[in-house]
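The following pair of complexes shares a single chain, chain A, combined with chain B in the former and chain C in the latter.
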Partner chain A sequence: MPEIFIDGHRYEFEGDHKVLQFIQDLGKEVPFFCYHPSMTAPANCRQCMVKAGQYMKDRETGEYEVDENGERVIRWFPKLQTSCNLMAADGMVILTQETDELVQRAQKDNLELILINHPLDCPICDQAGECPLQIQTYKYGPEGSRFEVKKVHKPKRIQLGPRVVLDAERCINCTRCTRFTQEISKTDQLTITSRGDKNYPTTAPGREFDDPYSLNTVDICPVGALTSADFRFKARVWEMNQTPSIDITNGKGTNIDLWTRDNLILRVTPRFNAEVNDHWMPDAGREAYKIFNENRISRPQQKLDGEQILSSWNNAIATLSEEIAATDNSKIVVIASPHASVEENYALSKYTNLLGLNQPVFTPHIEEGTGDDFLLSDDVAPNANGCRLLGFTELDKASIKKEIKKAELVVILHDNLIDREVIAADDLKEKFVVVFATNNSDTSKAADLVIPITTAAEHAASYVNVDGRIQRTYRAKETKYTERRLDLEMSEGRLDRYGTNFDNWVTEDNKIDCLPVWKFINRISEHSGLECNFNDGREIMDEIASTLDSFTGVSYAAMDEQAGIQLSIKKETSTSK
Partner chain B sequence: MAYEFTKEDLREIEKIKAKYPEVMPATLPTLWVAQRRFGHVEPEVQRLVAETLGLPEAHVHGVANFYTQYYKEKKGKHVLDVCTCLSCQLCGGYEILHHLEETLGIKAGDTTEDGTFTLNQVECLGACGYAPMLQVTNDKYVNHLTKEKADELVDKLKNGEEPDYEQMKMPQHKNI
Partner chain C sequence: MSTVDWKNYTPVLLPDIKDLHKIDVYIKNGGYKALKSVLTDKKSWDGPKAVIEEVKSANIRGRGGAGFNAGLKWSFMPPADGGPRYLACNGDESEPGTFKDRKIFEYNPHVFIEGALIAAYAMEITTIYVYIRGEYKTYIDMVENAIADAYNKGYIGKNIFGSDFSVDFYVHSGAGAYICGEETSMLESLEGKRGYPRVKPPFPAQKGLWGRPTTINNVETLSHVTGVINNGAEWFSGIGAKTHPGPVLYGISGHVNNPGVYELPSGIPVLDLIEIAGGMRNGKKLKAVIPGGSSTPILRADQLDGITMDSDSLRTVGSMLGTAGMVVMDEDTDIVDVLWRISHFYHHESCGQCTPCREGTGWLEKILLKIKNGDGEVRDLDLLLDVTTQMEGRTICALADAAAWPVRFTINRFRDEFEARCKKKSHAVA
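Our next item is the complex of A and B:
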């Protein structure tokens, strides 16, 4: 097998490897800026220098040549090489900054050059704390600068497009952003203008950077040159904590991270998943943070004389039990939801089973034209396939409407049927309507009883994407009834851990009075003497996996380990475009 | 004003495209065709080039902006690029520049009102051996400049004559 020697250690490899990537995959480091594993490597930042050479082999015998001391003879390449575009070769010898002074010097000098015209904006720069330039400079950079002349000034605060703002002075011209529009989103909207110390990325004159994937450039920009118009100046990275999650605004199931401070989700960034979204996400999904924070329903609400008023959990439970008891089973329709997780849907169906009601029905949420050939599908609900795999009856809009017409008691799980025009508010007249909801909507307003439930940011639960991959969320945000410090699965930022009420950004205000669907089901079952006891999503998933063939082998541990699990779905049920 | 290529231009562009396996390398020569036709490659002309070649506008913009030889704004009929880089400066480049500023009544970087001349101050044009020098509209070099030689050049251009092509020789040293 081909072998390569890095800093004196021997490694075997197979296939094509760029030296920089190979070193990273070993868990070691060479500093770099312009390289990105999903794009071409133009090697223009020059930061990833290593010393490279080749052990000499005798052409005839194929043996390594040795000198008089018995050491293998190395032929060094005449100059240092950029490791990002250097292909590993059999018998290659690499020295990094760990072992070679020349490499250390080259990396240091390169940083000094890059910093010549770089503004010292760190204290007010959004990138600070997650800035490769800042980090590399601390680790490998010079103590100071020998450059004593006035810095070159370039345009600042340019609104490149509706969502992205450019500070050209901070740009190090790595071309990651322009390559992204050329190679990944394929809109070709960005280019580098001018040259030398005057260059920076820009659109063609009079054009906007309105690429539907534009915010990915903010993520991959190795400095604070590109910032999100929405997020800039909102929070410092070190004040937030980061929790893995799944995009719930589309059926694609893009893997994301939620960034939380003081129980508010402040931004959404993509999380790498080679099977689903690689390093990217659509701009549309970034707006979702608002769903978690704004317009939430806190505390159950009940209609009294045609007006919704705040109620209590006990009241809500008693009311719903009474309504169910008072209504003929055939007159009750329970509507499950492609917007709710597998666990929530399952818990609800378990309850309806125990009551001897009909299986829940659901209708998928398709918005024609939303899909593209990349990370968006026409199916805008995160879990339609989950409902299918749970064996719920899938109905089209008209049939759902018919079911509702026939019923006297309508229970709707987390699906804004009125807002998405499946039914009209009038269709619910003269019926008792119970809505499990996260946010206020026309649908929740039409309800006689509103049960506030947790969002994907407040519960750990699974969603099956359009391609049949089941993936799960983690708890990112506390509710009135959860406690970050007691919940070992919740991430804690510095402020979460050490903040006191005297700190900025530490309040109790942003905790919503809501319950996971299954907790509510526990309580209402207990009330009516039924046996339902779910502690958390993990337990529910274990139960599902042991009872339903379509979920065999699924568990939280397995999903975590494999970044989601591919389930077998009927092809025609996939609406992925 | 909407810019359009003539039929001839388009034929020439087709010929250019035929030379390369891909369209992208045709950007530079096509920008030249455009600059010859319109005298500049303003954003709208860049857009025309992009449309004609079927290339992204941003790409054409980037290329046009990389090279100083493409005029990204309207210029005078004759563009005088006076070198004031080290060698020329030592040999009187600034005097020539200031002299031309006076004669033409404009500052470096400006264009005369009648649109005949644009005067620029530029960095080394690689003719240090014949300093001080200037270049006329991306084309001929005028070397070993004196004020008189500069006046002569301005008159010639005003009269619609071409500047002479000067054959330069490197100084020969016998003792090498």
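Our next item is the complex of A and C:
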């Protein structure tokens, strides 16, 4: 097998490897800016320099040549090489900054040069705290600068498009953003303008950077040159906590991170998943953070004389139990939801089964024209396939309407059927309507009883995407009934890790009075003397996996390990585009 | 050192023939014979490989600056696979001090066109582009006319001279960027993109224009091919300096009486060349020479004794032949000003792609401006030298080197003049 020698250690490899990527995959480091694993390598930042050479081999014997001291003979490249575009070769010798002074020197020199015209706005720069330039300068940069002449000034606060703002002075001209629009989103909206130290990225004259994937450039910009018009100046990165999650605004199931401060989600960024979304996400999904914060339903609501008023959990439980008891089973319809997780749908259906009700029905949420050939599907609900795999009856809009017409008690799980025009408010007249909902909507307003439930940011639960991949969320923010310091599922905040007093996790602010669907099911079944005892999503999934063939082998541990699990779905039921 | 007999040399690229740019005049003077010969004289030319071999042994060293053997470069082209293959002729000519290719465009475009066609045949090329700097509007028009005439005569196009060799020839005009003369940047520009040099590997012979095999040659280099085919490799390699043979278009500018382009053998003594150009203006004394375009290291007058215009001789005093565009400077020349002006050029022309060049060229210029204005300190000179070290050999293309060398060598060779311009060391009062 081919071998390569890096800083004196021998490694075997197979196939094609860029030296920089190979070193990173070993868990080692070479500083870099312009390289991105999913794009071409222009080798323009010149930061990733290494010393490279080749052990000489005897042509005839294929053995390494040795000199009079028995040392292998190395032929060095005459110049230092950029490791991002250098391909690993058999017998290659690489020295990084760890072992070679010239490499150290070159990397330091390069950082001095990058910084001579850099504004050093760190105190007011959104990138500070997650800035490769800042980090690498601390690690590999010079102590100070010898630059005593005037810096170049370039335009600042340029609104490149509706969502992205450019500070050209901070730009280090790595071309990651322009390459993104050329190679990934394929809109070719960005290019570099001007020459030399005056250049910066821009759009064609009169054009906007309105690429539906534009905000990815903010993520990959290695400095604070590109910022999100929405997020800029809202929070310092170290004030927030980062929790893995799934984009619930589309069926594609893009992997994301949620960034939380004071129990508010402040931004959404893509999380790498080679099988689903690589490093990217659509701009549309980033807006979603607002649904976790704004217009939330807190505390159950009940209609009294045609007006919804705040109620209590005990009242809500009693009311729903009484309504179920008072209604003929055949007059009750339970509508499950492609917008709710597998666990929520399962918990509800288990309860209705115990009651002897019909299997829940559901209707997928398709918005024609939403899909593209990248990361958006026409199916805008995160879990239609989950409903199918749970064995729920799939109905089209008209059939759902018919079912509702026949019923006297309508239970709707987390699906804004009125808002998305499956039914009209009038269709619910003269019926007792129970809605499990996260946010106020026309649908929740039409309900006689509203049960506030947790969002994907407040529970750990699973969703099966349009391609049949089951993936899960984690708890990213507290509710009135959760306590992060007692909750091992929650990712660590600053207080957990460092014990500082500036941690913004420990606040009572912005906690919503809501329950996971299964916790509500526990309480109502107890009230009606039935046996439902769900602890958390993890245990529910274990129960599902042991009872339903289609979920065999699924567990939170397995999903975490494999970044989601591919389930087998029947082709005709998949709406993948 | 053998002396080159330049007094009896008869020019071949720029001979004294009236209206040679007209195709009929060119044909009357033996034009397109070489092309016809390689295409039809199967006895003398056993296919394209034979042409490459002949050019290789002539040792035409690239006249674009790097001095690489043209035939050897051609032999790097992979075997033809039926797909498109390109020859990109470099007429961007933007290095300060260089103005020779335009003489070919103006006085003898067909010798270049014929040479390019022969090169195309030798490398089985399907399309030729000549990239000419946009400022040469007049010459662009002239070359376009010449190409149209050659098309009309059937020397370009389908089945040239009844052979199965077909090729197209296009003129592409630049838009004012020096960097588009760098060969891979030129390819990007030809593709309609921003002129950013490409990282190598892959080399153009493997993946050039639109990802296809491509060779890039300077216009003068290709023009010499015609003579090599007509007169043989030995004729060419017998002219001028042994290791860097053939006729050279010397572009002489600066403080001489008759600046201009002179076609003479390679290897002429530098001091003779100044005499050929009419000697020093106003009888002034020679101070310095930049031998081959602004990026080649400057030489002091006292370094020039016995030095000839070829790469080996110039290397002994730490310079290069480059494009043979020689800038002559007399005793009144302000070297600090000259260096600042050169640095200004490279700062202005850096494409900005790589960090050391983008940032370094500006830094160099700004420090030099400070020194020029009398605000510099001696430590700034050492800083300048440090910055050149931070640039050299660490970038994608050679522009950073071209920007760094003049600074390094001018300061080293005229340090006293720079120091004299610096402020006397002032001790800060605590």
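Annotations for the structure displayed:
One rule holds for everything that comes next: the second predicted complex is superposed on the first by the 564 of 577 C-alpha atoms of A that agree within 3 Å, B and C clash if a C-alpha of one lies under 4 Å from a C-alpha of the other, contacts with A are read in each partner's own complex, and residues count from 1 in each chain.
Going forward, a contact is a pair of C-beta atoms (placed from the backbone, for glycine too) under 8 Å apart; a residue touches a chain by one contact, two chains touch by 3 or more.
It should be emphasised that the depicted structure is a prediction, and the values quoted were computed from it without experimental measurement.
The superposition on chain A brings chain B into a clash with chain C. By the touch criterion defined above, A:Arg59 lies against neither chain B nor chain C after alignment on the C-alpha atoms of chain A. Contact with chain C, but none with chain B, is seen for A:Glu112 once the two complexes are overlaid on the shared chain. In the superposition on chain A, A:Arg195 makes contact with both chain B and chain C. By the touch criterion defined above, A:Lys406 lies against neither chain B nor chain C after alignment on the C-alpha atoms of chain A.
In the superposition on chain A, contact is made by A:Met49 with chain C only, not with chain B. For chain A, the partner touching the most residues, choosing from chain B and chain C, is C.
In the superposition on chain A, A:Arg207 makes contact with chain B only, not with chain C.
Look at A:Lys79: by the touch rule set out above, it reaches chain C but stays clear of chain B. Of 1-9, 37-45 or 271-279, the segment of chain C running into chain B after the two structures are fitted on chain A is 271-279. Put simply, chain A uses residues 191-192, 194-195 to touch chain B in one complex and chain C in the other. In the complex of the two chains, the chain C residues touching chain A come out as 177, 179, 194, 196, 199, 347-356, 358-363, 366-367, 370, 383, 386, 389-390, 393-396.
Of all the residues in chain B, the ones that touch chain A in their complex are 43, 46-47, 50, 56-62, 65-66. Those residues of chain A whose C-beta lies close enough to touch chain C in the complex are 41-47, 49, 78-80, 82, 85, 106, 109-110, 112-114, 116-117, 146-147, 149-150, 152, 172-173, 175, 191-192, 194-199. Chain A meets chain B in the complex at residues 178, 181-182, 188-195, 202-207.
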